[in-house]
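Submitted below is the structure of interest, expressed as structure tokens.
The letters A, B, C and D name the chains in turn, as written, and every chain counts its residues from 1.
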Amino acid sequence: MTVRFGLLGAGRIGKVHAKAVSGDANAKLVAVADAFPAAAEAISAAYGCEVRTIEAIEAAKDIDAVVICTPTDTHADLIERFSRAGKAVFCEKPVDLDLARVKACIKVVDETKGKLMVGFNRRFDPHFMAVKKAIDEGRIGTVEMVTITSRDPGAPPVDYIKRSGGIFRDMTIHDFDMARFLLGEEPVAVTATAAVLVDKAIGEAGDYDSVSVILQTASGKQAVISNSRRATYGYDQRIEIHGSKGMVAAENQRPFSIELANGDGYTRPPLHDFFMTRYTEAYANEIASFIAAIEKGATITPSGKDGLAALKLADAALQSVKEGRLIKVD
Amino acid sequence: MTVRFGLLGAGRIGKVHAKAVSGDANAKLVAVADAFPAAAEAISAAYGCEVRTIEAIEAAKDIDAVVICTPTDTHADLIERFSRAGKAVFCEKPVDLDLARVKACIKVVDETKGKLMVGFNRRFDPHFMAVKKAIDEGRIGTVEMVTITSRDPGAPPVDYIKRSGGIFRDMTIHDFDMARFLLGEEPVAVTATAAVLVDKAIGEAGDYDSVSVILQTASGKQAVISNSRRATYGYDQRIEIHGSKGMVAAENQRPFSIELANGDGYTRPPLHDFFMTRYTEAYANEIASFIAAIEKGATITPSGKDGLAALKLADAALQSVKEGRLIKVD
Amino acid sequence: MTVRFGLLGAGRIGKVHAKAVSGDANAKLVAVADAFPAAAEAISAAYGCEVRTIEAIEAAKDIDAVVICTPTDTHADLIERFSRAGKAVFCEKPVDLDLARVKACIKVVDETKGKLMVGFNRRFDPHFMAVKKAIDEGRIGTVEMVTITSRDPGAPPVDYIKRSGGIFRDMTIHDFDMARFLLGEEPVAVTATAAVLVDKAIGEAGDYDSVSVILQTASGKQAVISNSRRATYGYDQRIEIHGSKGMVAAENQRPFSIELANGDGYTRPPLHDFFMTRYTEAYANEIASFIAAIEKGATITPSGKDGLAALKLADAALQSVKEGRLIKVD
Amino acid sequence: MTVRFGLLGAGRIGKVHAKAVSGDANAKLVAVADAFPAAAEAISAAYGCEVRTIEAIEAAKDIDAVVICTPTDTHADLIERFSRAGKAVFCEKPVDLDLARVKACIKVVDETKGKLMVGFNRRFDPHFMAVKKAIDEGRIGTVEMVTITSRDPGAPPVDYIKRSGGIFRDMTIHDFDMARFLLGEEPVAVTATAAVLVDKAIGEAGDYDSVSVILQTASGKQAVISNSRRATYGYDQRIEIHGSKGMVAAENQRPFSIELANGDGYTRPPLHDFFMTRYTEAYANEIASFIAAIEKGATITPSGKDGLAALKLADAALQSVKEGRLIKVD
């Protein structure tokens, strides 16, 4: 079976997914839609697919699945529309920044027996997957404590910050998902601190740029997350899992594995400076997993419910900062 | 000038300090006292010093300084007695497990213009000192976030746990001191989680074995501490400082720096399995610093006030766990 | 301009190049030829190109360049035929195992003003390229000593060994090319030792499986090469350049950058176990470089002369082993 | 039993051994002799031993063993005198720079049933010892190929070079000993290249500063040695052993294990810049081993014969460079 795709949104991340779909032996990119005709035309020219309207893709009989890469505020509506249209849906995170809206959307997906995958790409990074595999094979025993370090190379423009839903919903949400993925037990309590240390303009926009979070599960497992909007040495993405029998950790990635030594010491190059180069393989694996799940009729993970769970933790973290206390999560 | 020493307590850590004092060109070990004559005799034989009573050392004219390595519950009394006797005092941490008792003791030290150094040995580890030096030289800009990982190779006996004052006062206290040392600004708020994941008997004794702590300063700097009473791979002691211009980190130490490669992968040996082998150089540097400060009439650091500040953070962390909220520290 | 390609040979390495050509925006795979129709058909199906005979490709007006992936003993003939036919030629190494034959072939390329690139893929590995860039930027000063470690995961079948031309012409030849590439000065003398330590059958076939080589240039620069046909921990590929101002080295690559710690120590996974996964990026970069050179009319490197120079070093190494002396190379 | 020591030579390395003997629970430093009274007095003051003449130490009944740290050209004579006097002898390398003189000296040691240890300190480095232990435990199977990298931080003064016996007898000799120690089989052939790349004055003095050597054993095992008199990044001391089942390697050591990351990349400090700080533990272990062997009446290793074997390899390497051929060693 070949899974036939429509692509909604032909921007930066849309291009990444267009390439992944086109290169997958079990998938075909049939059509692309974008509010900017030039963007859609570029994808069309590069991968030999048609340019259509969203409505045409919705109604199309030659399309089995869509990839939603449109602006965040359109995600929930499009998920609902395409679930109702019987298409499998891959949607970039987040489903929505508002918890109630996410819940309503997932309800529609459930009612329509829709298939929804949410784009938590890090679950598909080969190094993090190897960490998860080591855990699942019991190589570190029972998971006890997780440490996630996630620092961006630099702060985004304040305009982006204003639309982002805040650092917990925009940046930490990836770490909340990873923590859930790796802990193997749902967090039931969140405590967090937050500050503006990198860029005052971020504070003026009502957000933070440097946060620390502790998640705790019912059995006492703990995950610590450390985030900053700036890391001069590149995109710092590490996870470390401490268990009853040992520890497993994923190291940072850099484009060039060389080392230069002189009187100043031994120097390795900076890390990747962009999430799309750091997670190139993750993006490809993610879409491949979506295609494989559709083909086999398998359960799709991470689902809308995973998106919801991560958003709840983000909201709780923000509340913890505001109220100076530990927040229970249901 | 040669600083002439009396050693109070000839146990495990007493031996370490006896060796350090004896090997220091500017110091001389004159006498040792211990409730167990055999322990004192062993030190006497090894380093050629006299065995005396505590009272005799207190009254001695040929002794300038003492090293207190007796049980914790005698520390505060001995500090007061020897401060009154005009001796410089090096005391193993903690001064006392009770905050009020520590305050009273420090008051006596101040009134007698005593010289007191508290044994936070990690400040003298060459690797952590190199980290501190890099910060002080401005190599990472303004310090923003500190991550401290501290895991013991294995949990101590429950008998020890019962007398320890609890994990925050016994184990995390070293990390509180390091956080203060490295942040360059006093923490004003503490939030912590704690659980029993390693050994139920520790929980039955009213303590925890796995804790996560966030400290925050007035300007928003954050330090995250992760502690476990068990690390199967050895004594895990790492610090990492994230600043406005970069990051500096101290790696773990292992006794043998070799790597073995075969079909299972590349394997390096476990870390040190004991704090005394891990911190051998730190113990020697610590006493050398004490001796040098006495000789030069310089300020002694870390002082009793540093011991007090760390204990306040420990008490606040425990309160945060009990009350599920962020605790402000004055 | 789009460079239109014919692929000669649809085996393992042929597939790699077919993919690289197809994925390059400036190239098009027009036709494939293979003695086994099924192999050619597979490439045709996967990339939408025609199946043709070698003769048809030779005569084709819609083909600008060919990639030769046929058996070694056909390389020189095909290079000559396609140079005469006016096609740019990319040929897998070696041009031939016989020095005289290589010289004759290069003569034809020169006479026909042909464009020939020889497949020394390692020059295009991003990590080795970064090493070369550091040298070219003067970051280690004048190059003085090069150390190349190259060990295969396991010995090839004896049938392969028999046709291979021997370890120096088959395996070390890559290292000879890298040494020339990195030294920046031609080796003028070769000394080598060789033994059978891995597999007696290799010795019975008249070859060696474990060799050490020293190359020396006129100014005294030295390159040391260490080869083994077996490395239980994977495909071991390291280079290290020592210069007047410092050293630069390229580390090994592994598929998963994780580390597992327990009572046995800290373990990272084995290296890549296959040259085609280790050098995935190198193969893609290599073809891209060939395409770019054709497009721009730029000089093609590494050329047939580079293939010749490496073969001379291989022959000299073998002679050094046989005669127990240093061999001068012109 | 306490082994009572006389120290001959109170210079730089004499001080190191004086400290090691004094700090050993099973040894006592009784006397020191030096041509410069001030040097001997300094040792006497620091460790409480007597200053005596060499003759007095030779005749002394309260001395069981001597440590010879005098200039190289006195070594062989002193070894003979003290062997005849019935003292156990530890002598810094080399026994002598002349092969015939070394043989004659060892003959005297044998005739007098003397006990002689030669100061190849690297055998006692804890990291290299751990490598040797891994080999002896069979963890890498049969040893096949050894790679030794040994680079000095900087070239010594030409005056030293002139008295040194040349780089092979002065510097590479340590690597020859390590190769013999690790190969587990005697080298029977040597091939070497040498050049002057660091300092022309070294060449004018008739020596080399950059050399590469291959040793080969009867069964075909190979050891490659790479030496330079200059490494801007510190004292570069690595060994790597490739065996039938795997590889084991000892990494470089640095005084501070920290890493600094910023826009220029990740930087670790330079290595040790001096052999005495790099090999601090090795020097202490070496003397402890000598003392333990005397106490237990055990065989002393490395012996004079080890010194002789290494010198033969050094002479053969020099001959190989001069004659441009592989040199057989008996």
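Here are a few things to note about the model shown:
In this section, a contact is a pair of C-beta atoms (placed from the backbone, for glycine too) under 8 Å apart; a residue touches a chain by one contact, two chains touch by 3 or more.
Since the model is a prediction, treat every value here as computed from it, not as a measurement.
Among the remaining chains, those touching chain A and also chain B are C, D.
Farthest from chain C in terms of Cα centroid separation is B.
Between the interfaces B-D and B-C, more contacting C-beta pairs are found at B-D.
Comparing A-B with the candidates A-D, C-D or A-C, the pair whose contacts agree for more than half of the residue-numbered pairs is C-D. Chain B and chain D have centres, each the mean of its CA atoms, that are 39 Å apart.
Chain B and chain C have centres, each the mean of its CA atoms, that are 57 Å apart. Among the residues of chain C, those touching two or more other chains are numbered 231-233, 245-247, 261-263, 269.
Per the touch definition, chain A reaches chain D in the complex via residues 231-233, 261-270. Across the interface of their complex, chain B is touched by residues 23, 25, 46, 126-127, 130-131, 134, 139-140, 245-253, 255-263, 269 of chain D. Chain D meets chain C in the complex at residues 142, 144-145, 147, 149, 151, 189, 191-198, 210-212, 214, 216, 219-222, 224, 226, 228, 230-233, 236, 242, 244-247, 324-326.
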